[in-house]
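The structures come next, written out as structure tokens.
Next come two complexes built around chain A: one with chain B, the other with chain C.
Moving on, here comes the complex of A and B:
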């Protein structure tokens, strides 16, 4: 028994190693191939940045990149507003109303994305809404505002309403109290929620595919299209680019959270004294 | 607190009558569903008074404070501040300020910004804000801590920031909700002195909520004792302590020894001859309205009872000393004199005959020390 227990760690590390290889090998492969001069990508044909310049020169790539960026930025902004509004409402809502609301939030995360996308597509078609950036954003918001809501709400629960009461008591109007006290205290959660929403929205395929219509295409949808015909080396360059943007949003968040004093202070749970 | 200090406070000159009382509550009720937090509260607090609201937890004192701050609306009744009906005026437009129980300092702002918070809302010019914050920090002895965040301050310092943050707005009334509750005893004493000094200096009406009667007595001009949402008694600390209107008040503001009996004769408005069970006829003062024959409880504070000497003519208690506790400045005896519960006697020095504390001893009290109350339900 004891011997088997001792052997267990070796097994788990081996298992973990396999998982990590499976997780990261494709990424490494994409990055490497984006610099591979061999057009058919079957072997290493030497270092090149040709695919990057080709991708950048491609007006379709540029347009789709801008569309993706626009969608992600709009989705993030709208999702954050909804999340904060919901968290403020939930603070004073009855337990019953909150239960229903939380249920609807979790449902949007649990439901298969394709179901939501299809449903929205059918609805928009019936309503004769022209598909485009607007409808893609609407679709993304439906799903990702749920994540943002959960994050912001979790933070809101740790804040006592006394802070806001103190601000009102000191002469701040309700709006000013929100602006000067509640919002700064929510900032770290907003940052995390924004990063997540942006990242998810930026590389979403399914909803963007369903709701983009014939005119609008996002970068991930383009990538999917490109590999359908033949695996062009350009795809690897685009993929690496998308990855860099995601990494950048994460890095910015980390830097802001570490170096902005209010951010850093807020990531540590507030000290509770007595009562 | 000494009787002299109490009477000195009682004769503090009242503020200008024309402006009306600083605070007036008129028949204030506050219910939460079926629970009544505040029950028909009516009181006036004159300008410049240090007023304490005391009572056990859940007695409605904090709710009363929140109603005054505007953070809570009364279900019924009116709130007046200096002849203005403010019952439905929102908190940010009331000339009152609150020091919250856990200070509620803004963790993302430093000491200076915390104190400047309200002044910024009033849109004062920056140099003026800086000057007033500086003055206020000096008053609460926090000069040099401007750039620190609340989390890096000690409890006492946080408390003083909270005080400064409210006082800098020069409110008509300052509300304090158990402001010293989180501090240790020594710091509490220091802060009590500081609070009292500041209140005398700025002359603002202070309404102080606490469950600690000693703290309330040491600082306040008047004390209101609340129980289950109702005002039980209102008066100077000395009056509340020596002439409690109810058994609840008597017990809440200090330890009591109870001696049951009945009124043998009414001698005056507040003066009675009482036949105490097992002790005999004794003259004492008591609440108004007791009739010959009514069942009463005489209460005597432990420090009023002293060892009896042969020449004493007052009520005589004889009993076995059950326990002796040395408490530093005085010694406390638990004596079995045949009443329902053993009585407590505190004396400044070891002045009981039997120093081993095991013998039989006699005790008495001066006539003015006992106080008759109707026997409770």
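Moving on, here comes the complex of A and C:
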């Protein structure tokens, strides 16, 4: 019996290896094809950087990149403010109020994005608000501030308020105590929350698609449009660029998480070793 | 929380309650408001000539939702999302188990390996699958070389949507499963085996019950967003096999029938909320935090 139990790990390891290959195959394929000189992409036609220069020369790609960046930066900034204020509130709220608050936070994450985006689309149409960067940010914040809140709140719960109270006893104003004591303690969680919000916002398709209107288009929405028309080699180059940006923020978060394990709750749920 | 000393003023007038204002304001105006508006619209009707919306309390939109045409779409959507969730579970469980049996640096590396695709652009990843599953793509070449399948016809079928959803949602299944399995002490399994339980029985009577919270959390994390999925069918369905999310969106952006679109959206929300209520909410919450 024991021998059969021991053979199981080898089987699962082999299986896991296959899954890892499959997980990365589509990504590797996009990157490879972005350097593929063959226009129809049916076979390898030699190495080229032509698609990158074409994508970079495309003014639509440049405009959409800047729009995506602007949306992601604004969303991150607003989401962090909402997350920190909410976490500060939750610390002193009654258990019942917190229960309601947490429920509404999870609801914003778990409800289908299509419903949230279309509901907002309806509201903005009824109020005759012109669609653009502002409306995209409004939608992104609804969803991603919930993620940021959960991360910041989780960190806040592990902090004791003694240091903050000491600062207050020593005569610091509440604002100063917050800025000099609480905020630095929250920093790792804030960074993880910021990177997550930035990545998800930069990568968002559904909200950006419905709330961007005719004027504003983000990079992922452009990619979606290009895929649906036809498969052009340029898409691979744009796609590789988008992946590089999202991966860069992942790498930063991973490095921070490695050095400051307390902020990594969302990223890698390791067994808690804290007090 | 409990470490904070009770302050004299704790009512709604306390300045601390003002801290809730930004989040509450944003969520009420831009999350709850739209949901209420959807419910109001779903009971209204539209004049298809003038596109004027009449508000009333008609149930005709909901009648249309449950007409044969849309019921088929809803059924297909549910089947696809349930199937994809099970697919994620079947693939994710051995994967999470393999990761949980590793230690130290390897474990972290393997976990990061699962997370990297999740952080990589959603659209681009799905587009990568289009290349992979193409009739003349690498998968077709491989299967032909192995002599398994001669003419692969996979892309733009419901199967390619299912593959796409399993592929994109797999990390959300693996993480809660890993958390549950990592807590599992191998000694418990060895004890069961030493007492004469065959491996299948050890799995069914020991591993599975202990991993149940992780399984529940993973199924919620995958199944709920999969039900409203828009991007994967839009790319891998080739406009032929549409799912619920696409049908709802089409009512708003394509056909302009807001009341019917609202009824579809409210039905989807009700469905999802129902699933959430019957599932164990705590398990899902734990996996996110």
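Methods note: the second predicted complex is superposed on the first by the 247 of 275 C-alpha atoms of A that agree within 3 Å, B and C clash if a C-alpha of one lies under 4 Å from a C-alpha of the other, contacts with A are read in each partner's own complex, and residues count from 1 in each chain.
The rule is short, and it goes like this: a residue touches a chain if its C-beta (ideal position, glycine included) is under 8 Å from a C-beta of that chain, and two chains touch if they have at least 3 such contacts.
Bear in mind that the values here come from a model prediction, so they are computed numbers and not experimental data.
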Contacts of A:16 with chain B and chain C, given as first, second, both or neither: second
First, second, both or neither for A:185, with chain B first and chain C second: first
Which superposed partner A:73 touches (first chain B, second chain C, both, neither): neither
First (chain B), second (chain C), both or neither touched by A:176: first
Contacts of A:162 with chain B and chain C, given as first, second, both or neither: both
Partner chain in contact with A:56 - chain B first, chain C second, else both or neither: neither
Partner chain(s) touched by A:129 [first = chain B, second = chain C, both, neither]: neither
Chain touching more of chain A, residue-wise (chain B, chain C): C
Chain B versus chain C as contact partner of A:256, first or second or both or neither: neither
Chain C-contacting residues of chain A that also contact chain B: 160, 162, 165, 265-266, 270-271
Contacting residues of chain A [partner chain B, same complex]: 160, 162-163, 165-174, 176-177, 180-181, 184-185, 262, 265-266, 270-275
Chain A contact footprint on chain C (complex, rising order): 1, 3-5, 7, 10, 16-17, 19-23, 26-27, 30-31, 33-35, 37-38, 41, 91, 94-95, 97-99, 101, 108, 110-117, 119-132, 136, 138, 167, 170, 175, 178-179, 182-183, 189-190, 193-194, 196-199, 202, 220, 224-225, 227-228, 230-231, 234-235, 239, 245, 248-249, 252-253, 258, 261-262, 265, 268-269, 272, 276, 281, 284-285, 287-289
Chain C-touching residues of chain A, taken from the complex the two chains share: 1-2, 4-5, 8-9, 12-13, 15-16, 19-20, 22-27, 29-30, 33, 41-42, 81-83, 85-86, 88-94, 101-102, 104, 106, 108-116, 118-123, 126, 138-139, 141-142, 145, 149-150, 154, 157, 160-162, 165, 199, 203, 205-206, 210, 220, 223-224, 227-228, 231, 235, 239-240, 242-243, 246-247, 249-250, 254, 258, 265-271
Residues on chain B engaged by chain A in the complex (per definition of touch): 69-71, 90-93, 96-98, 100-102, 104-108, 117-118, 121-122, 149, 151, 155, 165-166, 169, 181-182
